[in-house]
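Naming follows writing order (A, B, C and D), and every chain is counted from residue 1.
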Amino acid sequence: MTLLPLYYGLLALLVIGVAWWTLVARETMAAVIGFIAYGMLLGLVWAGIASVDVALTEAAIGGGVTGVLLLRAAARLRPTEPAPHEKPGLVFRVLVGIFCAIVTIGLAVVVLFPTDPAPSLAIAAAEHLPALELGNPVTAVLIAYRALDTMLEKVVLLLALIGVWSLGPDRNWGGLPGRAPAVVTDSALTFLAKLLPPIGIVFGVYLLWTSADNPGGAFQGGTVLAAMWILAMMAGLRAPPAIGSRALRLLLLSGTITFIVVGFAGFLIAGGFLSYPAAFPKALILLIEIPMTLTIAVTLGLLVSGPAERDKTS
Amino acid sequence: MTVFLTLAGIIILATVAAGLWRILRGPEDAERMMAAQLLGSGGVAVLLLSAVISGIPAIIDIALSIALLAAFASAAFVLEAFGTRGDEPADRP
Amino acid sequence: MTLLLDAFTIVAVSAGTFFFVAGTVGLLRFPDTLSRLHALTKADNLGVGLIVLGLLPQATSLGMGIRLIGVWLLVQLAGATVSQLLARAAARRNGART
Amino acid sequence: MNAATLFGLCGAVLVGLGLYGIIVHHEPIRKILAFNLLGGGVFVLFGIIARRGAAAGFGGDPVPQALVITGIVVAFSASAVAVTLVMRLFEVNEAARREARSGHSAEDAG
């Protein structure tokens, strides 16, 4: 006898319940708190289907960084939150409900009647792991087999950051992102803001280091580092960098630049763009992953901080 | 042993669900944020159990990650919703 | 020996589960915000603590045991501080309102 | 029913809920929230594909998992741009409203 199906059923119902609550909550802040709970529950779901790498990402980004991004927005909009708009008419809502139900049923049919045998690249991915000196296939896909995608994703992050920065008022260009940090008078809060970052930094570095053979990686580690940096900035323990700073921009670019340099070096030492030499793949992978983690951490932190809203002097 | 640990996981998840339902209703946002904290510790407990049940020790790392980010989100919540700033009046609602 | 360790696991995990249940019952039954939060924090700290204690004998490697203890330390420190912060925030709001 | 099918159905429901929220909600910030709910559901569906492709001793096919990790980060950066846009719009509207109001009553423009 096994009780696991009961556990999974309960978890699935709980996720749906929290998602529903997030949807119908009257206040935005309450909905955001529901969303943070949703992100953590998805972490449990991913653990249930044995995708630990994804569970780490989802818990860190869904519950953590996206949650805080929305939390800040909700807190800023709240003092002037308009009276609830009149809801769209009942007929409209019923029609939309029917449409969404059809989409759900369609997806459910796909889930219930999948193709057999299931398509899988797992064996192909496993084949070259020894040559890369890696044990974690997800890391291998991200950093070796599909390295080009990962590199371009760094570019997407940069484009998003440029988008966020461009939305600031002209007069503050090059200044400090976000508003002045909160004046912390609560000793417990200061304690927490000083306690968490050292733990988080160790954990983030550990996630990067362990990712060669165990779940973890640059995204997960970078996100944890970003969260700790955001906390320190929010509590006023660290001033955010001016977005015009040259050192900052170099840091933002370092991940992509290393990727491109190693990529072109591949032509000379291994016979193709972004291919790794058989002799020392692991050293090169680490060489790419360390600046990549830093870039991810800094970019995510700045994405949450928002556009420049203060002068460099303030 | 596996069955026992699974049962413990189910009971914890069920109580967390009951607690979530109560807290999310509010009325205070701080109380609602407590729901995330409750889910954080309940989730940590369930994940630790499932790390042993499934024999995947890496699941403990998810528990660490959730514990860390739940605390981060709560701290951010208190700072954003209740913190006073230099550039605005202190009596924010 | 294995039997003894298993018995220890069962006792400690049961106790941890009990604290989660008790905390939630308190949460559902207590009348005001602060006593509800009080009930909750007990569940947090004791529940997770006892479950970690119970799972330690089941750890398959030293690293697993160390990480289990790490989780426990983090939940103790961060959980307790966060509970206090949130309770204080709730109390401040209530005070301001009445 | 195994875990993969169960969570697959859960993902399908999440997609439906998120879609409903995106269409019906009025406030932009709630639409962004619903977009993220929807995203969570889509990612879980990917996870089911990965889980079904478990082979070679791995818990799942690593390729969809890597796709999801990339997807989560991209969804976050899209949300960040959207949130910033909403905030900016809100500030510009507020400033315009304040100006209109002070234009009516007095001349101390702020």
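As a convention for this text, contacts are C-beta pairs under 8 Å (C-beta built on N, C-alpha and C of every residue); 3 or more make two chains touch, one makes a residue touch a chain.
Keep in mind the model is a prediction, meaning the values are calculated, not measured.
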Out of A-D and A-C, which chain pair has the most contact pairs? A-D
What whole-number Å value describes the gap between the mean CA coordinates of chain B and chain C? 11
Using mean C-alpha positions as chain centres, tell me how far chain B is from chain D in Å, no decimals. 21
Would you kindly tell me how far, in whole Å, the mean C-alpha position of chain C lies from that of chain A? 28
Spell out, as numbers or ranges, the residues of chain A touching 2 or more other chains. 4, 46, 48, 50, 52, 186, 189, 192, 196, 199
For chain B, residue numbers touching 2 or more other chains are 16, 33, 40, 56, 61, 64, 68, 70-71, 75, 77-78, 81
Among the residues of chain D, pick out those that touch two or more other chains and give their numbers. 59
Going by the touch rule stated at the top, which chains touch which? A-B, A-C, A-D, B-C
Which residues, counting only chain B, touch chain C once they are in their complex? 1, 4-5, 8, 11-12, 15-16, 18-19, 22-23, 28, 30-31, 33-34, 37-38, 40-42, 44-45, 48-49, 51-52, 55, 57, 60-61, 63-64, 67-68, 70-71, 74-75, 77-78, 81-82
Within their complex, chain B touches chain A through residues 2-3, 6-7, 9-10, 13-14, 16-17, 20-21, 24, 26, 29, 32-33, 35-36, 39-40, 43, 46-47, 50, 53-54, 56, 58-59, 61-62, 64-66, 68-73, 75-81, 83-87, 92-93
Please output the residues of chain A touching chain C within their complex, sorted ascending. 186, 188-189, 191-192, 195-196, 199
Listed in rising order, the residues of chain C that touch chain B in the complex are 6, 9-10, 13-14, 16-17, 20-21, 23-24, 27-28, 33, 36-37, 40, 43-44, 47-48, 51-52, 55, 58, 60-61, 63-64, 67-68, 70-71, 74-75, 78-79, 81-83, 85-87, 89-90, 92-94
Which residues of chain D touch chain A once you look at their complex with the stated criterion? 1, 3-21, 23-27, 29-30, 32-34, 36-37, 40, 43-45, 47-63, 65-66, 68-70, 72-81, 83-88, 90, 94
